[in-house]
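Labels run A, B, C, D, E and F following the written order; every chain starts at residue 1.
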Amino acid sequence: MGGTPTDLKLIDENGRRLDGRLPDEMRPLKIEAGVLSRADGSAYVEWGLNKVMAAVYGPRECHPRHLQNPERALVQCNYNMASFSVDDRKRPGPDRRSHEISKIISEALTHVVFTEYFPRTSIDVYIEVLQANAGTRCAGLTAASVALADAGVPMRDLVASCAAGKVADTVVVDLAKEEDNFGQADIPLGYVPRTGEIVLLQMDGDLTSDQFNKGISMAMEGCKKVYEVQRDALKRRYEVRSAGTELEVLGAAPAKEGM
Amino acid sequence: MSKDVVADLKRDHIAKLLEKGIRTDGRKFEEMRPLTVETNFIGSAEGSARVRLGDTQVVVGVKLILGEPFADTPNSGVLTTNAELIPMASDTFEGGPPDQESIEVARVIDRGIREGHAVDLDKLCIEPGKEVWIMFVDVHVLDYDGNLFDAANIGANAAFKTAIVPAKRAGKGEDYPLPVKHQPISLTAVKIDGKILVDPSHDEERVADARLTVATIENGNLCAMQKGLDGAFTLDEVFKVVDLSRRIGEDIRSRL
Amino acid sequence: MGGTPTDLKLIDENGRRLDGRLPDEMRPLKIEAGVLSRADGSAYVEWGLNKVMAAVYGPRECHPRHLQNPERALVQCNYNMASFSVDDRKRPGPDRRSHEISKIISEALTHVVFTEYFPRTSIDVYIEVLQANAGTRCAGLTAASVALADAGVPMRDLVASCAAGKVADTVVVDLAKEEDNFGQADIPLGYVPRTGEIVLLQMDGDLTSDQFNKGISMAMEGCKKVYEVQRDALKRRYEVRSAGTELEVLGAAPAKEGM
Amino acid sequence: MSKDVVADLKRDHIAKLLEKGIRTDGRKFEEMRPLTVETNFIGSAEGSARVRLGDTQVVVGVKLILGEPFADTPNSGVLTTNAELIPMASDTFEGGPPDQESIEVARVIDRGIREGHAVDLDKLCIEPGKEVWIMFVDVHVLDYDGNLFDAANIGANAAFKTAIVPAKRAGKGEDYPLPVKHQPISLTAVKIDGKILVDPSHDEERVADARLTVATIENGNLCAMQKGLDGAFTLDEVFKVVDLSRRIGEDIRSRL
Amino acid sequence: MGGTPTDLKLIDENGRRLDGRLPDEMRPLKIEAGVLSRADGSAYVEWGLNKVMAAVYGPRECHPRHLQNPERALVQCNYNMASFSVDDRKRPGPDRRSHEISKIISEALTHVVFTEYFPRTSIDVYIEVLQANAGTRCAGLTAASVALADAGVPMRDLVASCAAGKVADTVVVDLAKEEDNFGQADIPLGYVPRTGEIVLLQMDGDLTSDQFNKGISMAMEGCKKVYEVQRDALKRRYEVRSAGTELEVLGAAPAKEGM
Amino acid sequence: MSKDVVADLKRDHIAKLLEKGIRTDGRKFEEMRPLTVETNFIGSAEGSARVRLGDTQVVVGVKLILGEPFADTPNSGVLTTNAELIPMASDTFEGGPPDQESIEVARVIDRGIREGHAVDLDKLCIEPGKEVWIMFVDVHVLDYDGNLFDAANIGANAAFKTAIVPAKRAGKGEDYPLPVKHQPISLTAVKIDGKILVDPSHDEERVADARLTVATIENGNLCAMQKGLDGAFTLDEVFKVVDLSRRIGEDIRSRL
C-alpha cells in the first residue's frame, strides 16, 4: 500500500499516464470468440490486465417458471469475480456489487437482443472475471455481446462498452486500476454503435458539466474502437467455423454490415 | 419488472395521455410530486427523517456505532447504506434476502451520498487505523408509489442535517452534530415513448423504457449517475436529465 | 448503562412509576387507520414511545401454493423491527424473537378472521416497528387488527392487546422500557373484548398465583381501553371514507356494535 | 399445521371419545404419559439426558465453552438454547433452517429454564466483563409423538442436575457441578372441544384448538407461559392449566 | 490436548492398542432395530463409544418434484452430527464433511435397494450421530442398512461397513478416536458380503501397496463381522414383531439366507 | 445425476463401442486425453495454472493471506480448497450455494493435496500458535467435459510449483517460493459395463456405473482415494485402478 493519492503522479509532466498512455489512449484489447466447448456461445477478453470469460446458454427453458415471460425471452446475466482475481482474495459467491452489475448488464443486453423471438425462454449470460484491473464491467459486457453473437442469438447490434474518467483533473479514457483507485471520477458506458444509443451508464466521483460532456464523448469513442475488435473476433470465428456454411448472426441485417 | 397484459393496457393509457402532454396525476413532465419532510421522527436513531413524495413514503434512520476503519482508509469513518423494500410497501416486493432491485436502490442511494461527500467521513475518525464511527443509513420503505431513489436520497440528506454523533454515550467526549459537508441531491427521470418525465410514479416506472438518476451538489457538479431498465437514452436525453437534476436539485436543497 | 436495577427506583414513595404513571395507568395511545396508499388496509400506532405501522394485503393468492389451505384463508403475520428502532442498531432481517412473535400474532388474528370465507388465499399482515419502547408485540397486534378492519376483512371482533407485569414487587399495567428491562415479570395479552377470549398469552419472570391473577385482570382492563381507541380510529376512518357509502367492516354484525 | 381431510376424520374420532371422557391411548385428561429419564447418556457432553415421554424421545445435551459475557450482564454466564426438529423425528419436520415451529419450541424451552433460574448464571462468571461460561442447551428430537415442550424441559432439568463445569480442561481450576438453582418444570395442555388435556400426543396436538404451556418452580410461583395455536382460552381455563402445572410439576420434580 | 503424536504410544510393546485391542480386533458393536415409533424403519448402533441412530421414511413422494426419477426411487441420505456429539461443540446444521458423507452413503445404499420397484419416490435415510468416536460414517451406513430392512424396503443384501487404517506403522482394523487423530491412514469401506462388492471406499494418509492390500482385507473381514451383528439385530426384531406374521424383508430371496 | 431417456440411448451407444474396445473419442481404455498446462496465468494470484484436459478447462488460483493457525496444529499453515462448479462450465451446473457434487469435488481435490503433503504446511508457520499463512486453493471450472478431479489436481500441483509466498507485501521478510514437498497426482477411472476407463469424458461419467479416484506420490505410495456413484467395484478392479494411478501419475508428474 505504498502508493497513496498524494505520492502518486497519475499524469506526468508529458501528459502521460502511469502506464505511459495518453489521455485518449486505450489499453490493449484482445477478443477471442468460441473458446468453450459446452456453452452455446463464448468469448474471452484480455483488456489491459483484465482477463474475462463470457459464456451464453440459450435460449432455453426458463427456470423457475414463474419468471417466464409469455411474450419474450429473459436475458439473465450473472457477473462473477473469481476469488483469485483481485489482490485481496474475494470470498466466493455474489456480493452486492456483483448483483448490481449483473442487473445493469442484463438490461443493456436485453435492449439489443430480439427477445420477442423466444417467448418463455431464458438466455443466460455468464461473465467470469479471472483477473481484474479496473473496467471489468465494460470488459464483461463487451465479452458478453460477442458470446451472444457466437451463440447465434439474433441481435440488433453488438453492445460495445468502455469507460472514461477523471484523474489528476484530466479527463481520460479506459481507467486502469491505480487510476480507478486514486482517480476523481469514473463513467462506464455501454453503447450501441449502429444507433448511437446508450444502454449502460453509471458515474461516480466529481465532474463539472464540461468534464462530463468530454468524458462521455471519450467513452463513446472508446466504444467504437471496442466494436471493431469485437467484429474482428467474430469474423475470425466465422472464418474458422464456416467452410461453406452460411453466416447469419447479427439478427437484423448482418449482410449490410459485411459480416 | 414483469410486463403483462395489465401493464400493456396501462402503458397504452399513459402513453396516450403523454401524447397530449398530460401525466395521469395531472403533473407536468418536469414537475415533482408534493414533498414533505419530517426530521427527528425516530427517537432511537441518531438522525432520522420521514419523507413523503406523493404517495411514496420512506423513513430513513441514521445510527452511529464505534468500530474499526477499513485498512485502506484508516482516517475515515465507515458509511454503510441499506435499503429494505419490505413487502408492507408494495405487493411487488417480496420478503426474504434483498433482491437485485433492493440492492440497486441501496447502492444508488449510497453512491449519491458517498460520492457527493454528504458527510465528512474524516471527521468520524477517533483514532486513525483503530477506532472510527461506523455510520449506518437505513432506508425503510413504508409505501411505494415509485421513485425510491429520490425519496430516500432526500430522507438521507434531511436525516444527516439533524443527526447527532453520540460521543457521550460511548465515552468519547461531548456529543456533536454529524459533520455534514455537501448536500448531494438526486433526480430520477424516466423515458416513456421518447418523453422524459421526472419523479416517476409507480405506474410510470412500470411502463417506462429507461430510467436515469443523476445526483448533483451545490456547485452544480455531478457526483453520481445510474441508468436503469431495458431501454436506451440518446446523448441529448442524458444531457437533458443532467440539466433537470441541477435545476430541481437546487430547489430541493433549498427546502431541506 | 448508568441505570442498574439497584439504583433505579421503578416505583417511588408515592406509588408513581418512572414516567409518573400509577400502577393501573396506561401510556398514551394514538391510532390512525388507513395511512398507506398501496396496502389494502393499514394502521399506525403511537403507544408511549412505540411507533408501529401495520399493513394488510389480501385475501390474495397464497404463495407458495403448497401452503394453500383448501378450506380457509391463511393469516400470515410478519413482525419486523426496523434496524433503527432500538438504541443498539439491530441487524436487518428476521431473528428468532421476531419469528416467534410473528407466529403468535398470526394465531391470535386467525381466531377472529372469518378465514372460511376465503379458501386457498392468504391474508398477509405486515407489522413494522419503527421505534420500540417495550410492548411492541401488543402495539403490533393492536395495529394489525385495525389494519385488517381497514382492509375490509370480515372479522368476529377486533383483537385488543395490552401487557401487565411486575416491577418492584408491584403489579402494573403496560410496562415501559426500563420497567421491562429491570422489572420482575411481563404478561402480554391478546384479548377479544366481545367474547372475553384470550388469543395471545405469554409470561416470563416470577409471579405468585395472586400476582398472576391480578396481572392478567389488569391486562384485560388495558385491552378494553385499547379496544375503545381502536374503534375510534376506525370510526374516524369511515367518516372520512364514506360520504354516503355504506359501512361494512367488522364482518359478523357491526351494526349492533354501533360502528 | 395443515388441517386436511385425514385430520378432520381424526379430529372427529378423538372428539367423540373425549365426549365419553376417554383419550385415544386410554389416559385420563389430566394424566401424563409414562416418563423415563436416562442421564449422562452422552459422554461428549458436559451433561445430558435422554427422555422418553410416551413415544416422544428427545436427547438434551449441555456443552460449556469459554466466552465473553453480554455487555449488559457482565457478571453472568450466557445461556443459549437450541432445538432441532430433525426430519428423523417425524414426517412433518423438514430439513433446512429452523422454521417458526422449531424456533417457538426452542424459545419456550429457553424461557422456562431462563426465567425459572434453573442454572445460577452468576456462578458461571470467571472474570466479570471478560470471561464467562457459555452454556449451550441442545435439544435433539429423535422421535416426535407430541409435547416436545415438556419432554425437552424435563430433559434440560435432568441434564443440568448431572452436568459438570469442565474447568480443568479449560485451565480454570477444578471441575465442579453445574450450579443448579431451581427446577422450573413446564406443563403443556391442549384444548379440544372445550376439554383440557395435559401432555398431548401428536394426534391430539394436530387437532387441538389451543395450547398452553405453563412453567412453575418449587414454591409454586409461575416463571413462564406460552399460549399457542389458533384457538382461544377463557380466563378460567388458563387458571385451570396453571393449577395443573403446579400439581404435576411437583410430581415430575420429585422424580428427577 | 496433553496427548501429541510423539508422546502417545498407539501400539505398545505387546502389540496392544491404546484400548487394549489387538490389530485385528474390533470395538464392541451393538445394534438394535425398530427403536423409533414415527419412522418407517429405524436402528440404533453403539460401536465402541459411537452412538448412532438411523431412521428411514419411504418410499414416499419425492419433493421437490423436479428431483423425481421416472424410473426408480431416489435413496437420499442425510448424515448429521448432533452439536453435543463431539468434545468441541459443533455448530448445528450440515457442513461440507457431512454433505460428502451423505452423498457417498446414499450411493452405497442405492446399489443394494431395488429402486426400480418404486419409481418417482424417495427413500429418505436419516443418520444422527449422537456421540462420535471415529468411524461414524461406517456406523451410520451400518445402521442405515438395518433401518432400511426394518422399514421393509426390498434390498439385494445389507451393506456392512467397517474401516481399517495404519497406526504406528501397523495396519489395524476399526480405528478409535486417538488412532484416527494421530494415526497414519484410514480406509472406510462399505461392502456387500453376499456378492463381495465394494460400494463405499475412501482412503487418506500414507500407505504402501502392501499396506493398502492388507488394510482393505482387514476392513472386509470387519464388514463380515458387522454383517452378523446386523442380521442378529434384524432376527431379534422379527421375533418380536412376528407372532405368526410372515417375514419378508430382504427383498430378493430372504428365505435362502435363513432370515 | 439424472439418467433419462437420452442418457439411456447414450449409454447404449457408448457400451456398444466399448464392447469393440473403442471409446467414443477414439481413445484406448487406459489413455488420458491431451493435457496442456499453463502456469502463472493469473497475475493477481500467488500461483496459478490453467489446465485443459481434453475439452475440460479449469483455472486454479492460489492465494496466501496471514491468519491464525488452528488450535490443534499451532505450527502449521492452513490449507483451504474450494471448487466452484459455476454454471458457465456446463448446463448441468446450477448457481447458488455449492451442492453435494461441488463439495465432493473440492473435498477430493483437497484430500489429495493435503494427505499427499503437496505443500509443507509447517514451513508456512510464522509464529507458532499466533500467525501462519492461510493458503486458499480455488478451482474455477470454465468448461466441463468430465474428470474435474484430475484436471483440478494437476492444476493445483502446477500452481504450487510456481507459487510465491508474498512475505514482502505482508512485511514478513523476503518473498520465497511456496515450499512444495510432494506431487500427489490423482487418477480417476470409471466402470462401464465392467470395463475400466481412465480420464472419463462428461458423457462417460454420465453413464458410468462407478467411479474411483486414487492419488499417489513419487514413491508410489497411496495418499487418497474416493469411490463414487451408485455402482460397485470388485477388489480386483480397485487394485487395477491403483496400479493405473501409479503408472499414469508418474507420467503426469514428469510433465509438470
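Following the convention adopted for this analysis, a residue touches a chain if its C-beta (ideal position, glycine included) is under 8 Å from a C-beta of that chain, and two chains touch if they have at least 3 such contacts.
All values derive from a computational prediction rather than experimental measurement.
Student: Keeping to the contact definition above, tell me which chains border both chain A and chain D.
Tutor: none
Student: Let me spell it out: compute each chain's centre from its C-alpha atoms, then which one is farthest from chain F's centre?
Tutor: When every chain centre is compared against chain F, the largest gap points to C.
Student: Which of E-F, D-E or A-F has the same interface as C-D, meaning more than half of the contact pairs match by residue number?
Tutor: It is E-F that repeats the C-D interface.
Student: Report, in whole Å, the distance between the mean C-alpha point of chain A and the mean C-alpha point of chain E.
Tutor: Their C-alpha centroids are separated by 52 Å.
Student: Could you tell me the distance, in whole angstrom, between the mean C-alpha positions of chain B and chain F?
Tutor: The answer is 48 Å.
Student: List the centre-to-centre spacing of chain B and chain C in whole Å, with centres computed as mean CA coordinates.
Tutor: For chain B versus chain C, the centre distance works out to 32 Å.
Student: Hey, what residues on chain F touch two or more of the other chains?
Tutor: none
Student: What are the residue numbers in chain C that touch two or more other chains?
Tutor: None at all.
Student: Take each protein chain as a node, join two nodes whenever their chains touch, and name the resulting shape: line, ring, star, complete or other.
Tutor: Chain contacts: single closed ring, each chain with exactly two partners.
Student: Please trace the ring of touching chains beginning with chain C, moving first to chain D, and write out the chain order.
Tutor: C, D, E, F, A, B
Student: So in the complex, the part of chain E that touches chain D is made up of which residues?
Tutor: Interface residues on the chain E side: 36-39, 49, 51, 53, 55, 57, 60, 78, 80, 82-89, 92-93, 124, 126, 128, 130-132.
Student: Write out the stretch or stretches of chain F touching chain E in their complex.
Tutor: Touch residues, chain F against chain E: 2-4, 71-72, 98, 100-101, 103-104, 106-107, 111, 114-115, 212, 217, 220-235, 238-239, 242.
Student: Which residues of chain E touch chain F once you look at their complex with the stated criterion?
Tutor: Interface residues on the chain E side: 1, 69-71, 96-97, 99-100, 102-104, 107, 110-111, 187, 192, 195-209, 212-213, 216, 220.
Student: In their shared complex, at which residues does chain D touch chain E?
Tutor: 41-45, 48, 55, 57, 59, 61-63, 65, 82, 84, 86-91, 95, 97, 136, 138, 140, 142-145, 202
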